[in-house]
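The chains carry the letters A, B, C and D, assigned in the order they are written, with residues numbered from 1 in each.
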Amino acid sequence: MYNLLKGKKGLIFGALNDKSLAWKVAERAYEEGAELVLTNTPVSMRFGEINELAEKCNSIVVPADATSVSDLEMLLDKTTAHFGGKIDFILHSVAMSLNVRKGRTYDDLDYNYLNKTLDISAISFHKLLQTAKKKDVINEWGSVVALSYVAAQKTLYRYNDMADAKAMLESIARSFGYIYGRDKKIRINTISQSPTLTTAGSGVKGIDGLMDFSERMSPLGNATADEFADFCITLFSDLTKKITMQNIYHDGGFASMGMSYKAMKMYNQALNNSINSDEFSD
Amino acid sequence: MYNLLKGKKGLIFGALNDKSLAWKVAERAYEEGAELVLTNTPVSMRFGEINELAEKCNSIVVPADATSVSDLEMLLDKTTAHFGGKIDFILHSVAMSLNVRKGRTYDDLDYNYLNKTLDISAISFHKLLQTAKKKDVINEWGSVVALSYVAAQKTLYRYNDMADAKAMLESIARSFGYIYGRDKKIRINTISQSPTLTTAGSGVKGIDGLMDFSERMSPLGNATADEFADFCITLFSDLTKKITMQNIYHDGGFASMGMSYKAMKMYNQALNNSINSDEFSD
Amino acid sequence: MYNLLKGKKGLIFGALNDKSLAWKVAERAYEEGAELVLTNTPVSMRFGEINELAEKCNSIVVPADATSVSDLEMLLDKTTAHFGGKIDFILHSVAMSLNVRKGRTYDDLDYNYLNKTLDISAISFHKLLQTAKKKDVINEWGSVVALSYVAAQKTLYRYNDMADAKAMLESIARSFGYIYGRDKKIRINTISQSPTLTTAGSGVKGIDGLMDFSERMSPLGNATADEFADFCITLFSDLTKKITMQNIYHDGGFASMGMSYKAMKMYNQALNNSINSDEFSD
Amino acid sequence: MYNLLKGKKGLIFGALNDKSLAWKVAERAYEEGAELVLTNTPVSMRFGEINELAEKCNSIVVPADATSVSDLEMLLDKTTAHFGGKIDFILHSVAMSLNVRKGRTYDDLDYNYLNKTLDISAISFHKLLQTAKKKDVINEWGSVVALSYVAAQKTLYRYNDMADAKAMLESIARSFGYIYGRDKKIRINTISQSPTLTTAGSGVKGIDGLMDFSERMSPLGNATADEFADFCITLFSDLTKKITMQNIYHDGGFASMGMSYKAMKMYNQALNNSINSDEFSD
């Protein structure tokens, strides 16, 4: 639409299907004139949908395990070979917790699972950056963005060990942002996005309590995946060259709210009912 | 109980009645061995209850308008005269918004009222510190505490211009904390306290929605006025000499929460009801 | 360059001369296709340079005192009349401290000056927003940006009462951002910009210590006024619709740094010298 | 001195020698009336100094590897057996980075070392809390404190992967603080302490650049180990029951400073010299 990424080359991690944030970012980046390489885990390839995206965006797909340095080396080699040059922007949208999946609560973590959570959701980001810097494959004033969530700063029921992984991810963005900025003028930021409905999340009832609360707390409402993609484009563009080492909230205002009228009104309904019926205990 | 403030001399602003935070602080400071001077506005004297407190704490009451530099000069002179020496600690618990009282919403502020809100709730703190520094009436390693609220950082429905005043108050604590620390080794902090029931707040229904939400969000529950006093004592004591320019949350964990199980459960009750009855619009 | 603001109408406060951040923003916004109205104080008109800018940007200049509600009403009326429609974006770059100008230190503030600092640098922002909301002159999904500085959160020697004003300004952005977002889908943010050389700042020696420190601390170096303008454009565009109630650092990474190699190296030079010469006292 | 911990039972991790923060905390806690159990790694026992401390504090030493759940189980069993009851407070002062020790820079991390850094410096804290909760060995209203550093939020040259570990540590304090608070009324906080001279740090020159910078930036100067112990005592006492899920800065004001007069003066000396001698490049 604006040619904001004309001539730029980008690498996108984490597009699984058309509900993925990374999928939307790839589509928007392509619209804005970027050349792309897509990557995801070998396992996720089985679903095959990423190939549709690749076709749409005239890009290639390189399967790679983001926790494997050798896979990342291979990925970056293939990417620069495909582009015939260095990379301008990268989206890291990679996260998974076996503790969450297997229903382990935070006071009953499996520590092998925790190591996996950290390796996949945080350390993979460091491995990507370190491998890219050693190979010197990102152009000066390049931009790297990773996906975070407000749970990195505020505790949300059931977010579990992913909260700790996101806190570490944001720290890596700062720590590496300092070094990569100083040495190569490359900026690194994270975006803290509203909760968004994904394949896994779209259950029968259709509306999840936390998403509803978040919607009513946020003066502008929850941010959608399309809106996430729009914002991501600005961070990849040349218009934000001096923004680095930050976590920016793209959440309709949620992170700056303590309590909204709309959420309080809903809450009070339950409160009034429970008082009337003497169910005040918990 | 512990003699934590034995031999220390303190000045307490803002004790109105036995529900006031400042009242509890005075009681606890006295228990811990401190000598006290109490102050409040001339108007608040009419209610007379502060004289009970003074008697209980073997202290005097000096009426003073905290927004008047000449009143503050008089107050500090009388205080040091009474003590026969310098002051060791001060509590500033002074806040008022005519916009809130008169029901002006935040998008319909009266700017004369706003100026009063700022003068009473924030600038009075600077006036107190500047007057005290000029008169050099606080002992080295003295401690000054002002009362803040989480609204200084996160927006809460209806907290109105008091949020801006508290943000400014916390900034004054930092700005003056730097100078007073550097020049006289005096520390300045704010405490962000849970909402507490006060005379004004204790309405008919007895339970306010926000206090209930806050109670369920905070893993340890809302902090009481007595607990506030306990914490305040530690900040006045010699055990916290190197803590300065900070806002510390004394709130049972509220400020670090994004969503708790207990609050979500209550919220979901309303959500489920409203979905059933098609009242989802708002 | 990208037509990011094509068809949008913007009001710019604070362009004084071609060193002003607001000046650069006006130029860039015009390049990106926006129609503009410029405003500044009647006094600043005397210097006349803003008329050059207006000519360049094909805009008009409306002198107005940003602390006067009636002036703001007049300004908004003339602006919408000129546009023949509502406003899409506003830049508030208005700040002044007589305490700083007159050399009053922070522990010797003149309280009339302080009131002026607050009125000009913070309350004017509320007045603008309240007046705009009452007149309903900003389009849905409009964007308002005000200029802040890291001193709002961290104390910097000599920043004086401007630190408190900026803290209040950021609070106003949150407080009003909630209401304006909820009611009209309008977003409000502040940008915390690197120190930039202005007319006043460009002294004889040419390099100021704090700017040098800031340059060496920031991995990407200080952000320039041109870069500020670039970033501002993205916040005015349709690509950042769900970002609100935030302060974003546009500072080359400064705000996320505790200590850099480059700054430490410079500091150590002095340290080593002063140790050698027994000048360690201070 | 005050009997603040009379009748309380505490477990202290990380006392190595009389320069250790944990050593000072043990001494102060004992003075305040607490019964103690000390623990450290089996390797650190070789130095033998901890036995002196144990004798002084009338406590026992239980060697344990804090990264081993079975060692932690054994440790907690022996501790409660020794006390004949539950624990009231715990200090976690455990951190180590092989990347730092072996001189690996942050853009050349060894990932096995990183895993060790995380396991020792962050995950060990979760393992301790999870094991304690499963065994239910902490009394209601017990207090757990872990040692952090400002690098968790701001990047400091050479702090390396320890910054990421501390960010994760603070997240664990929040995440587990929520659950342990909700279920058992136990509070969990971290203290961000000034840099302090340790055995390793006390080199020939005697003054480290960062410590000098920190000293001059902090209005109250760097906090000492003795002062750390004093503050720690207040967090273990009954006076701070509603403080949880927080990181509190015990640093003389450093974390709230952007630039001080004293640090700027020193910096400017170098700046002026380097300008004079044309050494401005870097």
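Criterion: a contact is a pair of C-beta atoms (placed from the backbone, for glycine too) under 8 Å apart; a residue touches a chain by one contact, two chains touch by 3 or more.
Just so it is clear, the structure is predicted and the values come from calculations on it, not from any experiment.
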item	value
Of C-D and A-C, pair with higher C-beta contact tally	A-C
Maximum centroid distance from chain B, chain identifier (CA atoms)	A
Between chain C and chain A, distance of the C-alpha-averaged centres to the nearest whole Å	30
Rounded Å distance between chain C and chain D, as computed from the means of their C-alpha atoms	40
Set of chain C residues in contact with two or more other chains	154-155, 157, 174, 177-180, 245, 256-257, 260-262
Chain contact graph, described as a line, ring, star, complete graph or other shape	complete
Chain A residues touching chain C - in the complex, by the definition given at the top	2-4, 174, 177-182, 185, 187, 194, 218-221, 223-224, 227, 230-231, 233-234, 237-246, 248-253, 255-257, 260-262
Of chain C, residues touching chain B in the complex	69, 105-109, 111, 114-115, 118, 122-123, 126-127, 129-130, 133-134, 152, 154-155, 157, 160-161, 163-164, 166-168, 170-172, 174-180, 183, 245
Chain C residues within the chain D interface of the complex	150-151, 154-159, 207, 209-210, 212-213, 216, 256-271, 273-275, 282
